[in-house]
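Just so it is clear, A, B, C and D label the chains in written order, and each chain counts residues from 1 on its own.
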């Protein structure tokens, strides 16, 4: 299972479960993997920003990757972004040897100019090897690196191993249209575009030409259904489903506590045993937990998946 | 009409209408003012970030202020943030002489430490005079200045003329709770808290203790109704109304093009003659206009105000 | 006197003198203008960042410009950077009508991508008019906007009215070499490059191909001599002079208090009556003043100009 | 050898030598350690920002630490800053077991408010253990985190294991004075302050109350002599020595290529075999190498140590 430019559907950004004492909760790693598979996802993305990757030591990162890849039976993309290339190389080689489908690379926050971004991906490809399929993570709100469609095209055309864009610009609808326009005019080869941002614009992103979603919203089963309906051209049904979930999607999209919301819902859904995070971590107040419960209750009236 | 800490309800953040050639559209200034009044707003806030204030020259800023204040008959808050104190002083004196209810001051993006923020507001109060009621604008996503509840309390307690917080932190629900907690414990005097961010969290902000909204969502009539229902304790009705508008509220909250969305809807609602902005400005593609039209159509099924 | 790409020598970045009560000290404006002329500068640059331009109101900015231009008899460049184009247009038209040689435009700190920077200068030229000679201010340390040599070339080639680069990147020696290399290969037309950063690298900047300096170091007479020696090929003499001043140049290059140092020295040299700044302003402690006095004393042993 | 608040003198920030193929050059690690000892340093600091620590994998970091600690015979401080606490804990335990004198911790670039900074150091101390002496690295220019003297005092007073400040604010002279003032008034316990920034203000930092330097300037022997002269009250001699080196100190202080300059000089002085860096790395042009050679030649006229 190797990632290529035909990838589509939903790749769930997987949380990393911890025990209350901070140790990795491997039993929940398995349970969560099964949960995602039960939701019908096409693939998994692990060790991303929301997977608390920087809080893991290298041995843990590798152990989790091996465990998920062995169990999943679907393509697994592994985040290998690191402050230095030595760590990126070591992790990439480890997870590809374990059967990962590809890796995802975010630009370091210090990059500014178009040239700096293109050069960074050139060095990254030298680091991981030109034979390893990789995903560009384009996430300006968190990383403060802004990539134009032209820069993305330059990277894609320079590296045949670049097969996917994790599109997480905000706002980003025009970026999808621009990239698809490049392809229509013949200046960009096929590229999978999966969108992030917790799904906040997934309704229209599909209409603009996205191939699916790569995000961590705690209802990946809804994402799967939404992507399917959108691809089937059932516009009204797709928006109805999206709108029902939007209050919770919106609530999850709070910087600093978004992951806490997500883990709380995953725990309530039985996908993980604890909603613990490693420090530093955003913590939910009692009021916040009450608000989430309230939103779940309202959602459950129209979507039985929220009956938890 | 002087702003004080009992202010509540909805203060609409007013757009500034322009003609297609970039001149101020004074006829639409009047029409828009009437539109807001017809929506039942408690007050108006003009020359804010979304009012394209930095694109006006000082004479225009003063002329618009005078015109709106004279016509409105409700309290008008004027944004006087400026790169230098000379401009802040001149504009403040001008608009207060014209009958403004108070001014709003955002911190410059270079501030970092708690001390720097407190010192800045001390200098600002020296600039505008201790007798001019002012609003703190707390908007980290755009301004990159982060104010803790403690810093806000320090500023409020130091300056009796500080009567309101335009709360626009994101996420910010805990900040409202923290400030209201300070008041319960007696360490903070009364303070009006009106929330921004386009209304994206207004449903819960009201429940956390906000006094209302100060934001520019293109359906201020909905904001007025929502705030009234929330204050009346009609929780379900408030959330139902909010959820119906959330797809559009969400769409409006796109950095760079949010104002274009807002002006487009205001134009469709007949509140302004043109959706023109002064450069630099985000522009809506045909696809984006189609998406807004679609959202308005869906909204109109449950809220007749969207029949435009 | 119109600025063109043959400009060379020293353009002093002029301070703006204030009285202790914060009013503009017009007598010192004249005295300082005469001081610069006595130093042998080729031109003057007023209303730059170090000239406290954002702290002036528009009427003051125009009054100071007119006064300096009338008195100077050398080309005067006026900084017209502003948060909005309306203010930029008004100030540009005002000062060009008064006889300014050209204007200087810095990019707003929000720009990130190459395209955004190029687009901004396109809009700026539309604003000021294609007939007004302008200077690009390239100052990443303060403005956080990074322009590659390629971006600068694009702007220069697109706008015949772009005649000068105020080079203030840090480090920036390779940028000068890259631009001069573009010219040797024929891809860039003639362009004046004057360097800033308080002169901290002026010794080598001249050797890399700069045409001179545009900076505010409090010994413009030294800058004039240094540029002359460098252009005459007197390498050792140029470095000897530079090295003697380097301890003070270095001391002046402290963010936040650099202008205070500069005004203190200008006052000690008799060029202005007061070293007052408008708020917000960095303030020199007694210890800092003592350190400057000490550095002046050491400098005076080898350069009589420091006997103050 | 455990670090405590009486530490003084020069702690050289050690470069990490690499072979041209990117492997760690352990022979040069030894040679460089001997070089520093021959310069008379009081201690060493390894795995700092200039030590390319983020480019090492954990095994390399530990191997280098053990090797330097075993050989040095002077206190060795190890940089343990990491994106997550798991990595910080693992490295700290490893190097303390190997005999490190203490560790150095820089704040992550995302911190903004005073509370966030104080909380981060609280979590870091929980991570490394309250018995491990640590150094606060205060380096706003690179890290964009601004710590007031009050915040530093809070951290120091809360954690007895905080024994040193690596002072690298810029400008930072007043910060040293403020901290020493806190101690005179009795609100701050003893604290070692060693200064960084390549030594660019070391002349006056010593006069303001610094205990010495912790920086990587390629002439640590000069730093040792300068600190000794300053502490002996030989003001003129100290400044004469400083001024002779200032042109090179200044040249080394160029962001992005500073380390390349430093390694080039260390190689010319015979302290390391190669000036190679791991990617991403700034590279010196032929022109830059020529400029450094020229500066060394000029320096050699007054300081024989530069005869290389």
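The rule we apply is simple: contacts are C-beta pairs under 8 Å (C-beta built on N, C-alpha and C of every residue); 3 or more make two chains touch, one makes a residue touch a chain.
Heads up on the chains, UniProt names are A, B, C, D = 4-hydroxy-tetrahydrodipicolinate synthase.
Here the structure is a predicted model, which means the values were calculated and not measured.
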item	value
Labels of chains that are neighbours to subunit A and to subunit D	B, C
Centroid-based (C-alpha) most distant chain relative to subunit D	B
Subunit A-subunit C separation of Cα centroids, rounded to whole Å	47
Averaged-CA centre spacing for the pair subunit D and subunit C, given as whole angstrom	34
Inter-centroid spacing, subunit C versus subunit B (mean Cα positions, whole Å)	38
Residues within subunit A bordering two or more other chains	none
Residue numbers on subunit C that touch subunit A, as the complex places them	112-116, 146-148, 150-151
Subunit B-facing residues of subunit C, complex	52, 54-58, 60, 82-87, 90, 109, 119-120, 123, 126-127, 278-280
Of all residues in subunit B, those that touch subunit A in their complex	170-171, 173-174, 177, 200-201, 203-204, 207-208, 239, 242-243, 246-247, 250, 254-257, 285, 287-288, 291, 298
